[in-house]
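Here is the structure we will look at.
Per-chain residue numbering starts at 1, and chain names A, B, C and D are given in the order in which the chains are listed.
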Amino acid sequence: MAAIKVGIVGGTGYTGVELLRLLVRHPQVELSVITSRSEAGKGVSELYPNLRGHVDLAFAEPDLETLAQCDLVFFATPNGIAMQQTPALLERGVRVIDLAADFRIKDLDVWSKWYGMEHACPEQVAEAVYGLPEVYREQIRDARLVANPGCYPTAAQLGFLPLLEQGLINRRRLVADCKSGVSGAGRGASVPMLMCEASESFKAYGVAGHRHLPEIKQGLAEAAGFPVGLTFVPHLTPMIRGIHATLYGVLKDPSDNLQQIYEERYADEPFVDVMPAGSLPETRSVKGANHCRIAVYRPQDDDTVVVLSVIDNLVKGAAGQAVQNMNIMFGLEETAGLELVGLLP
Amino acid sequence: MAAIKVGIVGGTGYTGVELLRLLVRHPQVELSVITSRSEAGKGVSELYPNLRGHVDLAFAEPDLETLAQCDLVFFATPNGIAMQQTPALLERGVRVIDLAADFRIKDLDVWSKWYGMEHACPEQVAEAVYGLPEVYREQIRDARLVANPGCYPTAAQLGFLPLLEQGLINRRRLVADCKSGVSGAGRGASVPMLMCEASESFKAYGVAGHRHLPEIKQGLAEAAGFPVGLTFVPHLTPMIRGIHATLYGVLKDPSDNLQQIYEERYADEPFVDVMPAGSLPETRSVKGANHCRIAVYRPQDDDTVVVLSVIDNLVKGAAGQAVQNMNIMFGLEETAGLELVGLLP
Amino acid sequence: MAAIKVGIVGGTGYTGVELLRLLVRHPQVELSVITSRSEAGKGVSELYPNLRGHVDLAFAEPDLETLAQCDLVFFATPNGIAMQQTPALLERGVRVIDLAADFRIKDLDVWSKWYGMEHACPEQVAEAVYGLPEVYREQIRDARLVANPGCYPTAAQLGFLPLLEQGLINRRRLVADCKSGVSGAGRGASVPMLMCEASESFKAYGVAGHRHLPEIKQGLAEAAGFPVGLTFVPHLTPMIRGIHATLYGVLKDPSDNLQQIYEERYADEPFVDVMPAGSLPETRSVKGANHCRIAVYRPQDDDTVVVLSVIDNLVKGAAGQAVQNMNIMFGLEETAGLELVGLLP
Amino acid sequence: MAAIKVGIVGGTGYTGVELLRLLVRHPQVELSVITSRSEAGKGVSELYPNLRGHVDLAFAEPDLETLAQCDLVFFATPNGIAMQQTPALLERGVRVIDLAADFRIKDLDVWSKWYGMEHACPEQVAEAVYGLPEVYREQIRDARLVANPGCYPTAAQLGFLPLLEQGLINRRRLVADCKSGVSGAGRGASVPMLMCEASESFKAYGVAGHRHLPEIKQGLAEAAGFPVGLTFVPHLTPMIRGIHATLYGVLKDPSDNLQQIYEERYADEPFVDVMPAGSLPETRSVKGANHCRIAVYRPQDDDTVVVLSVIDNLVKGAAGQAVQNMNIMFGLEETAGLELVGLLP
């Protein structure tokens, strides 16, 4: 089988380098081009010395003709870039996976409100498939354009889905208390992300409202069949990688066998691991790996359900999930290139 | 005024060394004796080189006669020790502050269930005053025996109190999602607290039930005038010091001016800082300091209230609060020895 | 080609789990047995949740008959264990790689002095090949028994070798100032390795003498052809993985083209990366990878040479190098299973 | 005694906030003004929430008239600012302590080469006293202008001084292998100091040449009475505060009693702690404190001396030493406001 020719637009950020880490070891991928306006001409491994000996490419100027030679283009760009370039690529027969948020929200007014811009290609928003394989696998197979989910939305949706799909909890009273490592903030220079500022401290942010709120609500509403009420509080944790979502819901019937429900829901999922009852998922157990590990609790046998859901925000929460979507789109083994063992310790 | 003669029982743990750090700079304290069965004879500053030049004492064998010379004895011991020795000290006229959990829970059955032992002196439990000055200041003044609150209970109670005292939220649907640095686990050698295990990772623990749950519920029920329903999930955060409590409640009347209510409740409190609306308290802002900083939110103008409450678990959550209680008990300025500025960065 | 049947003795420590991470993805290895006296019967992935879905084995009681079925046995045990069991395995035709120090030092008196025990099998010490492929590749090919080098010795020797092999520096005045992450201390519960003790601090240790000193001196003397004088100071750095060796020597002839000498020395080495002049190797560039990255400097154009050499202590400094040795011993591609990209960020 | 009126120019960086932390608790200081061009008008505690309740000042525009009302002005500015403003302040009778490098190097050509600018006031360079109290205490007393030493130079000089003052080592073969926490890099937004980049990694920098090299050499030459040969390699360590200098020298006479020599040299120094033989100073033992702790070794009884010297780069390496200099200049108790216990854990 011929290798898939892949391009990456905007490869200098953390999702870009993580895509590179995964793709250079993928058995069926040929990395054709990686673009960066700011670093054009520079060797990829000059910027990322971990790639010395693995990647010989240099960053190229973004260029439609070059990208059009690819079978698939990943956008690892800031929000608002992919929507400018995607229509032309689709027209040329190139399939697209956007790791940013341009195609995640179906309601354009909601999108504009949270992202502060007009959308450049509303028709493509309608066409785009939300790239959460555990829900949309069949649609992803044939998609020309996949909107790769956000990191918090991946952890929160995978944790809440079994409860909402089966209508087991009060859908108006959901709480998602989420904690992320600092790599979620990206590689831009900023004072709050300096090691002196972010290490040895813990804080909430975006309490009044965070862009991942409407994305999570859209996914959960889809699962529930009705709109949901959600309080989402993200926090910054002094570590590099990892998201831990602690999810709270009010059970309609506390006698449900939640452990069994979760195990059945994800029995065939290669990257969702429902841990044995009583387990405490650690983010480090998925560091560098594409797994989501989940545990479900009913503390003190009361009517509150607590779900713990962990991912690596750069893998299952970004680049790994994008490769998983690629595998599905191109009919490859879904786990190809993703059989990664978490780095522990 | 004569200095207060102080003894510390069990000074080798982190609350012990933190007590030392505070007491050596306290203007009205004379540190008389510090005991440790395991380290007897060893210089305090051999174990804690940060105290070189500040403390000349050596650890002494625990001995009632020596302790009985003190005006006040702090117990910085594991649970179950203070209850053995406190009655004899009280009888000798020595006042006691227990930093462990022996006297915190009024219901002895509840205490025995969570701590796994029979209580050795039930009458003293009845006599003990719960050392949260923001609620029990007047009783602390005359107390012979003060039960210094736990770290999570301090952060959670200070955050929830204004809402429950005034009956503003549904007291059956409280959620306390709390995150602690690793110093809360103490200085005992254990695999899970190794740096290789605890750094660069995040996890929940004690989800099914944690000893601080009944303590928090007791305090909140006292404030509400009724029993409360609380889901409490503690998490381990990869940093040394600090607790961040994220508290969720369902408002009865979303039109309440929560900011004003919090500011008024704590207007006269020297160690509770209600931050301006929109603030995001960071644990590092209280690192080494006795303050609790609080922010209150109503996200998306909905009926859920979110309170953020941060403390240093070793200071306001342990040794600092103990010194604050000492100051109250002995009629000193409440802030004496506690005018500490958080170490930032 | 038939898979190599591999056994691991003592698989519960960090070198053990790292071996597992590497071997489960190795295309030509069949992991037959992993033993642990303390955890016998427990599933490997219970202890190491990162291996859930990758390893189905349980820890077994150590047993000669089972191990004798293997083609190769790795010892990831404390010092002094491998020397007890190796002779019987060799006799049964099983090849052995010891990741501990039992077979590293040729001079038995020196070994006994530093390791505090009599050696159990002196003949095997004589037979053992020191497993630094960059020096002993040919002997490793046919070795029955390989002594896998220590972590500091790997970083220090690879850094110093070109200078000493060619006699470019004063061999009496070598300084190796080395810094290690905490995983080098292993997974045993100990107070100094608690996160509260080891994070946010930096210290030297073993200044008066460290067990890796004679090992480094033996290797450097072999390279120089004469005994060497070495001051070796190890330090503990607050991170999990990585060693950074900063090496100092006095040049005989400052006009030597050191960059070229290093590049030529390691031109054919798959795992030694001589970085371009002026580079600053970061330990994170090899986190999880088997590479050693080196930069060489002559500061201020003076007669002192400074070599910077970084490895991941658990990979090139332990498990990765052991797999590299296995590949050589069994005639496999030397890089098989080791094409790992460092996890960055 | 009237309080000393103090001004701070450039108070938004880490040395600025550290000065504030020390000065607000200093019994004889009145903080009059703190300037910042970029943050003028903003409350100090808005930028540094640890100061809430301790400092009510707002940042002011820099203004000569206001500063001229002070008895003493600290410059906590980038290099090149203090030299512009110092002459006018001195003329108005204000004494000055510069925490930057403008007045540290006596040789103007050397200064210009390393700092890349012409000096604005050469006469003041000649007048300035180098603010290392352990050497220049008497001159500091009467100084109008004190050049506060750099962080690495403080740790390295205090470690080497006894050896060079007494001519015990070969002054041509000095090695200073130094490790610093990230706060030394300041609070400017930069990619390399992001937590994602700087944590969980270790690297050298400035190997070819670092600005502190000529400063250290100047001080050591002064102590030795002759020029010295020094190789200085700074490293970045993944922690916030602390410098660990590992210093190497070649002894002329290995029979010297180094421990005694060090103890005698620093017997009367309030902030230099020569630890008992065999000690391993940890940077955390001085976290937040003004002490330098030193241990001296002769490994393997050979002719190499190894000195370990630790400080908090923001305290003894910057703000604390500046306050110590202030105390000396104004005839206060040298330890006033500096009786700080290191924060441990």
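Everything that follows uses one rule, which is that a residue touches a chain if its C-beta (ideal position, glycine included) is under 8 Å from a C-beta of that chain, and two chains touch if they have at least 3 such contacts.
Values in this document were obtained by computation on a predicted structure and should not be read as measured data.
**Q** Hey, which chain ends up farthest from chain B, C-alpha centres compared?
**A** Between chain B and every other chain, the largest centroid distance is to C.
**Q** Identify the chain pair with more contacting C-beta pairs: B-C or B-D.
**A** Higher C-beta contact count between the two pairs: B-D.
**Q** Would you kindly tell me how far, in whole Å, the mean C-alpha position of chain D lies from that of chain B?
**A** Chain centres of chain B and chain D, defined by C-alpha means, are spaced 36 Å apart.
**Q** Counting in whole Å, what is the centre-to-centre distance of chain C and chain D, each centre being its mean C-alpha position?
**A** Here the centre of chain D sits 39 Å away from the centre of chain C.
**Q** How many Å are there between the centre of chain B and the centre of chain C, using C-alpha atoms for each centre?
**A** About 46 Å separates the centre of chain B from that of chain C.
**Q** Hunt down the residues of chain C that sit against at least two other chains at once, touch-wise.
**A** 14, 183, 187, 196-197, 199-200, 238, 240-241, 281-282, 284, 287, 345
**Q** Would you tell me which residues of chain A are touching chain D in their complex?
**A** Chain A reaches chain D through residues 14, 182-183, 187-191, 193-200, 238, 240.
**Q** Under the stated contact criterion, what part of chain C meets chain D in this complex?
**A** Of all residues in chain C, those touching chain D are 173, 175, 177, 179, 181, 196-197, 199-205, 207-209, 213, 229, 231-233, 235, 237-242, 244, 246, 248, 250, 278, 280-284, 287, 295, 297, 299-300, 302, 304, 306, 308, 310, 345.
**Q** Mind pulling up the chain A residues that touch chain C in the complex?
**A** 14, 17, 21, 24-25, 48-54, 183, 187, 200, 240-241, 273, 275, 279, 281-282, 284-289, 291, 293, 339, 341-345
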